[in-house]
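Below are two complexes that have chain A in common, paired first with chain B and then with chain C.
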Partner chain A sequence: MYQLLKRKSRGDVWFDIINNILLTLVMLLVLFPLYFVLIASFSDPNYIYSGEVWLFPKGFTLDGYERIFSDSSIWIGYVNSILYATLGTIIGVAVTVFAAYPLARKNLVGKSVIMWFLMITMFFSGGLIPTYLLIKDLHMLNTIWALVIPGAGGVFNVIIVRTFFQSSIPDEMWEAASIDGCSNTRFFWSIVLPLSKSILAVMVLYHVVGFWNGFFDALIYLNDENKYPLQLVLRNILVQNQVNSGMMIDVESYAAKMRVTELIKYGVIIVSSLPLLILYPFLQKYFVKGVMIGSIKG
Partner chain B sequence: MKSLFKKAGILVLAGAFVLSGCSENGNGSKKQESSPVQNTNFNKTGLPIVNNTVTLRMVSPKAALAPEFSEMEIFKRLEKETNIKIKWENIPDTDYAEKKNLLLASGDLPDAFYAAGFTDYELINYGKDGTIIPLEDLIDQYAPNLKALFERRPDIKSSITAPDGHIYGLPSWEDNNLGTNPFFHVINKSWLDKLGLKVPQTLDEYTEALLAFKTQDPNDNGKQDEIPLSFMHMQWCMDIAGIFGAFGLPDNLEHRVVRDGKVIFTANQPEYKEALKYFHEKWYKQGLIDPESFTQDAAQYLAKGKTTDETLGSYIWWEIDEVVGTERSKDYVLLSPLKGPNGGQTIGRANGGGPGRGAFVITKENKNPEITMRWIDQQYEPYMAAQIHWGPLDVVFEKDESGKLVNLPVPDGISAGEFRQKVAPGSGGPGVITFEDFGKIVDMELRAQQRAKDLEQYYNPYMEKENYPSIFFEPEELDKINKIEPELIKYVNTQRAKFIVDGGVNEQWDNYVKTLEKMGLNDLMEIYQTGLDRYNENLKNK
Partner chain C sequence: MNSRTSGLDHSIIKPNRKRWRRVKRDYELYLFLLPIIILYLVFKYYPMYGVQIAFKDFTPSKGIWGSEWVGFQHFIDFFNSYNFWTIITNTLSLSFLSLLFSFPAPIIIAIMLNQMLGKRYKKFVQTVIYAPHFISTVVLVGMLNVFLSPNSGIVNHMITWFGGEPILFMANEGWFRPLYILSGLWQETGFSTIIYLAALAGVNPELHEAAIMDGASKWKRVWNVDIPSILPTIVILLILALGNVMSIGFEKAFLMQSDLNYAASNIIPTYVYEMGIQKAQYSFSTAVGLFNSVVNIILIVTVNWIAKKMTETSLW
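Now for the complex of A and B:
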């Protein structure tokens, strides 16, 4: 240890020390809010508001979680969310990759026209009402398809994946394979996809997060509560307990409701983000690599 | 090549615009289908309304965790009686406005909107373009309960009638007067006793009491943690607007009061100025106002009443209990309006408060308006109206010997408000419970009864005679109001906080008043005055 320190100049040592202190502070800044949400979800809301909770839960209570989990729609929501996220991710990633690969190949005819059309959709959208009408006319209202189909194949993702293909799958590889009699399909399945695990992982993560956190489409297109995804269910629990000051007479349970809202607010954050927190470490190692290569124009 | 793409792109875009434009027109211009002549299936009177089941599609908001209306006991009973099946599309109430607009704009219309919450603006505009149909003829022919109600209470009919003479939406109202003064002013009686002070009668005594709270450690914990006065600036029932009455002119959230049929804007009157001066000099400067009063939300506010040591000296809320909890509430008492330095002593009367106008609308897609009207009219029968608003017989109510609906005990582990949400559409639903109905047909809940008593004892003797009723404006008037008012009120409220916190009323007052005029205050007041005159005229003619 002493040896190590000795090799550095006094300035270096100070630099390291200050650096470490600063970084630790920054880390605490980032971590504390997360930690606070966790302990707050176990604390009595009155203590949270009087600022007495900051390092340990105070007035320990499981009321919030009890409240959240006593609601059977939570479990329905979980199941639905997993279903939507899985199906939506499969469709979305498939569409993205199938669109991106041909666009990455030099010999695709009319490549720039297709790109041009795709790009337009990035800047102009139909707007809420026409989109709603379209979904309605396609008879997708109140079905799972309204959630997983319209958003499949985002152009932004297509561009990232296309760039990744362009930069990491050299043309020579295709030439070599085709000389050996490899078909386009075979090349795609046996060579391109296995070489693109990192970008696939990134796409999976993007889509899963998107579907997991999305509630607006469900809000607009779904009528049947048994089809609601988790985020919408949680939102409903939260707003149901939110107090509406317009209701002049129903104030009776104002305070009680307020307390429940505060209680479950933090619990809901934990419950809804847990699956992603679990998923993220498994995909994280691909993450930096995939996005970096994908986003650098080839 | 490039320019070709450009041209193609422009064409595509132009096409898209044309298409989207077309589809909207297509829906808008669809003619209202004349309702087919009713066959023998429809009974003009009596029950069931139809012999063979008819299904209607209705969109309605509901409390987020309440069951679908089709599973609610009250609607099951209605279906059995009337033979009309409702295909409910329930939307969590917080998202309702958004989805309602989407349905209306996209022309994806149900037969009717239930507990519809249509604004005046929507009633008039959608009434004008035919999206929702006028109801007065249907009421005349098929709605005996509504007709009886209108005969009993012409004011209800006149207040739901649009300026163009049509009725587009049906009323919803619990006519109970509980909201006349939302600002219940509470003081810590046990602290007063401890400090040897009597319950303040005048503003100056009150200020002395607050000062004593601050300086003499009435909670005996050796710390100066007492909050003499906490409130929530310009919020529903938590503002100090009522205390302005000590200077002769009470304030309210709209800054608008009525005296002798004249609309007065409070926030540029001399009384208001005096009040602000007083609050800054005597209260804020001496640290008697909780500085968080201007920023806190209800959760923070409520937490202040429940700290380990009692810290709250005085506060404003709908009632005593909720802020400090039932345990501590015995330490606190209500304050009657205080007598001001110049002898003023009055409390405001909340504006509006008439019947809701948009509780039920029928759309042009409805092929059975008569059936629909007869179905909804069932819910204007007073007993039924009560059940729609609070919950069904045998679940929430039972009938006593005189036939009055009285509350059954609420099941364990759930608050009354929450329970009622799950068994009935609630206070936004159709149905009118008039003032005479309370006590005769349905019992007020215990806490509402208490509130009525408190109002009677503490506030009614000092209350303003008039308020600004809920008036159905012309669309142009609404446009103007919407253009001027939000900005103006925002400015007034910001300035009000500034004057209380930073002072400077004397120096900045003229400038402030001039700015208000520049923002269109006079136009705004003129519209309100015109509206009020028209309303009074209508009542006289009835």
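Now for the complex of A and C:
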């Protein structure tokens, strides 16, 4: 019987071989562009230009990185992004978690009304211009607050956290604690939060990545270059081809300039993605967890 | 008699009184909810009130309330504008084409991963294919720029190596959609498999055992066990995807847009940005945005209704 389940037909053997080959190809297709950016950032721009860099860096050089790090706009962008991500994450996670807990409680009066109040915004919104005019009227233009406050407490995040609370902190626990004279606030701080470290980690990650990768709010609401987050600095270099003159010291001919520009582009891609790339393998399981929790219908 | 009336009163008043007591007892929980309610009232609901400027001639000095009503004028202007049909066609074709490719891809990859032998290698493959999800849109478009550069990009090096002529990918409207879709596939397919892998992990193993007993090959089990089992998940995600058809990845289209591919990349969200933020046509831009939301709502309600009729799975 067991033998029968274990035995493989010839068709199944082929199925496995082809399946593994195809998935390996898919993986290589995904991996190669990332790998190529890395080796190109260490290669002599002349070799990149003539198409001689394929699998290994050629004419190893750190010139691109030296130019990038000697430029102040990248550093300013880094500092700003760290600031926005930190503050935004604190506010965002706090609002989300505080909102999710009451909504996870089985018999909170008016729960469904509040839930609808939040969910309606998923289907209908004022749109770009009314929101922009509001931010302007509140004098939040060109301030950090325009980036970290308006989007705090996104509905999807609230639902994810609420679902987590519902499944891991049963109402009976609260009932028992309240009989012992525990207040809601105390219960939340000393029981709910300590038991929810994993979902807090997921929320922190979601927020940090969101703030680190976001650029559109900054584009609309900020006009002072000293306040630009990293992604907006990158946009100038990568998309609009505006490499700062600081990075172009001692480059004379037009052709050489073009080459250095390309080198700098590969370099800034690495520099800007580095924090996430280093952390990614360690954090991956939390993201997967986040998606899984979010997919449970609550 | 007296006691009866009071009994009657009791049954009406009691639940309300009980409710009120519960609200009072849980007042802290309402304080927890206060920040999000205030945030939503100010930053989500007030802009909904501001949507009325789509029907007004908004001038900042008069404010939202003080500006004059013009009815549907801005909508009529939009429908009559010479690029109305281009924008609608661009938006719909970009959305539906990317849905056509990006919706089935993660399902196929998830089923393949689920069948994969070798736990460690499987984990490695997953780690790699999830990774692009964390790359920012700016970096993604930057990567497109450097890879597709006509004189230095690796793609054109390959083309010339095979004897072809270099192609000006980013400056060509015909390439806008393929590039948009392919880069989207590269970035999101892997990460989107997670949800289907979760669904596949929940497939009843007895079904597989029974199929094996009946002599079903792996291929047949994928078709007759796996796919039917994850169908509800597929339907739910399809509804969500169709509901977002009009609000496709604005950031990427915006970053990829240039004067040279404008004919294909001018979609509703980029048009709203261009007219509203760049040209300060607040009312007109709001009208275009409102038109977009209304189409979106109609789409999601319709799709949900069809899904309910046909598969008994729906969002609400």
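The definition used in the following text is that the second predicted complex is superposed on the first by the 218 of 298 C-alpha atoms of A that agree within 3 Å, B and C clash if a C-alpha of one lies under 4 Å from a C-alpha of the other, contacts with A are read in each partner's own complex, and residues count from 1 in each chain.
We adopt the following convention: a contact is a pair of C-beta atoms (placed from the backbone, for glycine too) under 8 Å apart; a residue touches a chain by one contact, two chains touch by 3 or more.
Remember, it's a predicted structure, so these values are computed and weren't measured experimentally.
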Contacts of A:Y49 with chain B and chain C, given as first, second, both or neither: both
Partner with the higher number of touched chain A residues, chain C or chain B: C
First, second, both or neither for A:W116, with chain B first and chain C second: first
First (chain B), second (chain C), both or neither touched by A:R105: second
Touched partner set for A:F124, first chain B, second chain C, both or neither: both
Touching partner for A:S273 - first (chain B), second (chain C), both, neither: second
Contacts of A:L133 with chain B and chain C, given as first, second, both or neither: both
First, second, both or neither for A:G181, with chain B first and chain C second: neither
Which of chain B and chain C A:P194 touches, first, second, both or neither: neither
Residues of chain A at both interfaces, chain B in one complex, chain C in the other: 48-49, 124, 126-130, 132-133, 220, 237, 239, 258-259, 262
For the chain A and chain C complex, residues of the former touching the latter: 4-5, 9, 11-12, 15-16, 19-20, 22-24, 26-27, 29-31, 33-34, 36-37, 40, 48-49, 51, 53-54, 94-96, 98-99, 101-103, 105, 107-110, 114, 117-118, 121, 123-134, 149-153, 158, 183-185, 188, 209, 212-216, 220, 231, 234-235, 237-239, 258-259, 262, 265-266, 268-269, 272-273, 276, 280-281, 284, 287-288, 291-292, 295
Interfacial residue positions of chain A with respect to chain B in the complex: 45-46, 48-50, 71, 73, 112-113, 116, 120, 124, 126-130, 132-133, 136, 219-220, 223, 225, 236-237, 239-240, 242-243, 245-259, 261-262
Residue numbers on chain C that touch chain A, as the complex places them: 19, 22-23, 26, 28-30, 32-33, 35-37, 39-40, 42-51, 53, 60, 64, 109, 112-113, 115-118, 121, 124-125, 127-132, 134-139, 141-143, 145-147, 149, 151-152, 154, 157, 160-161, 186, 190-191, 194-195, 198-199, 209, 212-213, 217-219, 233, 250-251, 254-255, 272-273, 276-277, 282, 285-286, 289-290, 292-293, 296-297, 300
Parts of chain B lying in touch with chain A, wherever the complex brings them together: 5, 9, 12-13, 16, 20, 23-24, 63-65, 68, 89-95, 98-99, 102, 105-106, 108, 174, 176, 178-179, 182, 235-237, 298-300, 302-304, 306-307, 318-319, 321-323, 325, 415-418, 420, 426-427, 445, 447-448
